[in-house]
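In what follows, a single structure is set out as structure tokens and then discussed.
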Amino acid sequence: MTEQHALFDPILRDLSDRSRDEVLAAFSAVQYAANPVAEVQLPGLRDVTLRRQVQKMLTLIGRTLVKVDGTHWTSGYADDVAEALTAQGWQPLSAVDRAVLVLVLVHSVAIPRSEGILTGDSWKSARPTTVDELRTTRISGEDRRLALQRLRAAGLVQLSGDHSGGPSYIPGPQLQRLTPAARRRLQDKLILAAAPASPIAEAIRARKGITEDEGAA
Amino acid sequence: MDATLLDAEAEAAVLRVYRQVFAVLAREAGAMIVDPELLDVDQAILDAFAEAGSDGMTVEQATQACRAFPHDLVVRRFEVLRQYGAITKLVDRPNELRHRAAFAPYVMLMFLRRMSVQGGQAELHQLLTLEAHSVSDPRATDDEGRASVERLTKVFRLLGNELAILVSTSTTAQLRENAQLAWGNERLIEQAEHVHRIVLGRWPALHRDCTQLRMALAAYADAVQLAAGRLVERAGTTRALGLLPIETWLTFTRSSEPEVLAGVLDGLLFDAAAPDFSPETMLEAVETGRRTGTARMAPPRPSAETEAPESAAATDREELRAEAERVLAGRDSVSIVDVVDDAGDWVTARRVLAELTAAHLHDELDYELVWSDGMRIDPSAGTPWATEGVFRRVSR
Amino acid sequence: MSAGEVVENGRLYNALWWAKVQSGGPVKVPVDTPAVAGLARAVEPDGSGVWMVPTLPDGAGHGVLEELGAPPVAVEMPNETARVLSICVACCWVERDGPAWPGVTGTLTQIKAVYAGMRGRREQSSDLTLIIGSLRRLHATSWLLWDEKVGEVRLGPRTITWGPSQLAGLREVCRILPDPPAAVLVERKPETPADPLPAPEDAAPADIAGTTAPAPAITRSDAPPSLTSIPPASVTSEDLDD
């Protein structure tokens, strides 16, 4: 007889031993594997009924299933939970860490998008951001080095395979945990910050106004 | 009679310049170029003429000066430029071999290159600056003011029409390719409004023409907003990033305070690093870290591919440098046998050697690892069998 | 407020706390903070606060990742880090019949001594770089509470989730590590190499060829028997009922 878990037991107790194992395996895989896991690999993701149980477990802890490339799954923060926590001022990532991450995202994702050389619609990119590109800002070398170390430990950046010009970085697997709404939010915030007076920024503000109205209705 | 003749002469002069400036865009006489690299050849030829001075050049001299390009290609481009009058004989006589070049094609070439990079926006900005300059001239007449306003009205109508047609007829992809039409429009419109203010202030009678310009500007602004809205709506969750020019991104990263950069991630949450250490992992790590001495193999010569279990992070340049300096401890060179012995056991030695190999291979680090053929065998050592060699600094 | 809404709010309360802990790591809060379902409470011995630490049901967690071939985010210097954590367990977990949390305070001097003892040699200045790096990593992830100014360490709140089966494994880790007291500085590790020289027929070809990959110094079959001999009945997680 296994120990009861105060939070998950209401979901788990009605499952057969086998279903329980499969649900827990899928839950663990989407929560703790660095990269999204293939749906075919796990019965807990393949079977819609079991997947619903996985989603229920995730909902209890403020998370949700995120589908990646149509064939893989991972988990990320539920949009309402992320919004509620950040609205309270909760942001564990330091400003320097966030700034360095944004620099990597601009150089590895935004600029290749402007060059038209990045396909797909995610924050994944193989275009490396070099240390020189990170050096162009008002962050000291030591701060940047420590930030990169922390970001790497969290899977927010990773070393790119291309070391021809010294170490270089690409967005880490954790960026794939962003829900579609979070991905879009990041895109919009980046455009609003980089080109606030552009027509694109204006279009974003206009669209946000609409969604807010819809949300209130 | 005289007037007609003068007109005809003026027309001929205009045509001559037209023909000259379009020479660089001609593939053959009568056909447009299809390969933009031909412009490089044209530029090389015109550059050579600039260097040649007032003596001009023969075809042979031109091909010699442009020897970076295939001989036949230079001869063909020379001929095309000649047919369009961009290059003419130094003196118009049958046996003249030396030629001279007109300056207008070169200016055109420079404009073309700039337009190809900036999509014509920069030129439009310059045109607007020139218009503002000319209508501000105290000697300017109301006719000149009207002409200026009319030109701008037409430019913005064309721009607005192009964009409006794109928005209504093209796919999102096509629209995105033409997103440059929407870039920097704020400044374009501001500049045009500036010209408008000057003209209206100086010649209130031109209010009708000015109204036309205002309408053209408004139509353009609407088209831009419509295009931007449609693009953003259909750009998905990351693709709208491509709607901004690269320069905007670079300026943003270079000039923003860290707080502004960090602010982009407001409202987003990320997972903290949460590595797991099971007792099994810990036990295994301790076991492999212990000096057990049982079943130890002699270390083979590490190859470039050597990947010790812990070297994933060691690819970091500064960490490699730190490790190299630790091993060198102020010296310029250190024996590998000493390094291996200092490491204590082979598992540690292997990690150190892997990092020294990585430091050796790293482009930005000035160290090298040189293996020799000798072998040290000492049964009492932590790693009894060690290949001889040195790790040392190199100056590049 | 309807009953449904109360449940909903309770759910949101749990969800927000869990999201906090996943995004910020275990958080220290005032002791009077209400309990959150599934989060263990690691109370500071001095009563200065309580750490909220996530717990998982049996069958969930990092354990399943290896079989799936889906690794977690890589740890820098994983083996060194695991060794230093082991050494800190040996230094700070003195009452090995009881839980690991909160344990006692250990010192950098002890850690350095045990580290060198584990390596079977004298202390080296280079050890410190590796040890400090690992201590910082472990502190940043709440496995340890490392006070760099005074060179003191305690086990971190994450260790509260170690149940009886894990503690059995950790006892084994402590057993094979040298004892931490000061005497360890001069003490040689009890285990001495049984056979310091490799069999010549194993070693010779590799050296002649010079290209063969290094053979593993330790094979997996060396795993101590105690790990496999834990009776199944003890594989429960009584640490959840905090």
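Brief remarks on what is shown
Lettered A, B and C in written order, each chain numbered from 1.
Quick note on the criterion: a residue touches a chain if its C-beta (ideal position, glycine included) is under 8 Å from a C-beta of that chain, and two chains touch if they have at least 3 such contacts.
In this text, all values refer to a predicted model and were calculated from it rather than measured experimentally.
Here A-B and A-C were compared by C-beta pairs in contact; the pair with more is A-B. Taking each chain's centre as the mean of its C-alpha atoms, the one that lies farthest from the centre of chain B is C. When every chain is reduced to the mean of its C-alpha atoms, the one closest to the centre of the whole protein set is A.
If each chain is reduced to the centroid of its CA atoms, chain B and chain C end up 49 Å from each other. Separating the centre of chain A from that of chain C, both taken as means of CA atoms, is a distance of 27 Å. Counting partner chains per residue, chain B has residues 269-276, 313 touching two or more of them. The set of chain C residues that touch two or more partner chains comprises 19, 22-25, 61-63, 72-76, 140-141. Taken residue by residue, chain A touches two or more other chains at 32, 77, 81-82, 85, 90, 92, 150, 152-155, 174, whereas all remaining positions touch fewer.
Per the touch definition, chain B reaches chain C in the complex via residues 269-303, 306, 309-310, 312-313, 322, 326, 342, 344-348, 350, 375, 379-380, 382, 384-385, 387.
Listing the residues of chain C that touch chain A in their complex gives 11-12, 14-16, 18-20, 22-25, 37-38, 54-65, 68, 70-76, 137, 140-141, 236-238, 240-241.
Note for the complex: chain A touches chain B at residues 32, 77, 81-83, 85-86, 90-93, 95-99, 101-103, 106-107, 109-111, 113-116, 118, 121-123, 131, 133, 136-139, 145, 150, 152-156, 159, 163-167, 174, 177-178, 180, 182-191, 193-195, 197-200, 202-204, 206-207.
Residues of chain C that touch chain B in their complex: 19, 22-25, 61-63, 72-83, 85-86, 89, 118-121, 124, 126, 129, 140-141, 143, 162, 166-170, 172-173, 176-177, 189, 191-198, 202-203, 206-207, 209-215, 217-219, 222-224, 227.
Residues 177, 182-183, 185-186, 224-225, 227-229, 231-233, 235-246, 248-254, 256-276, 313, 315-318, 362-364 of chain B are the ones touching chain A in the complex.
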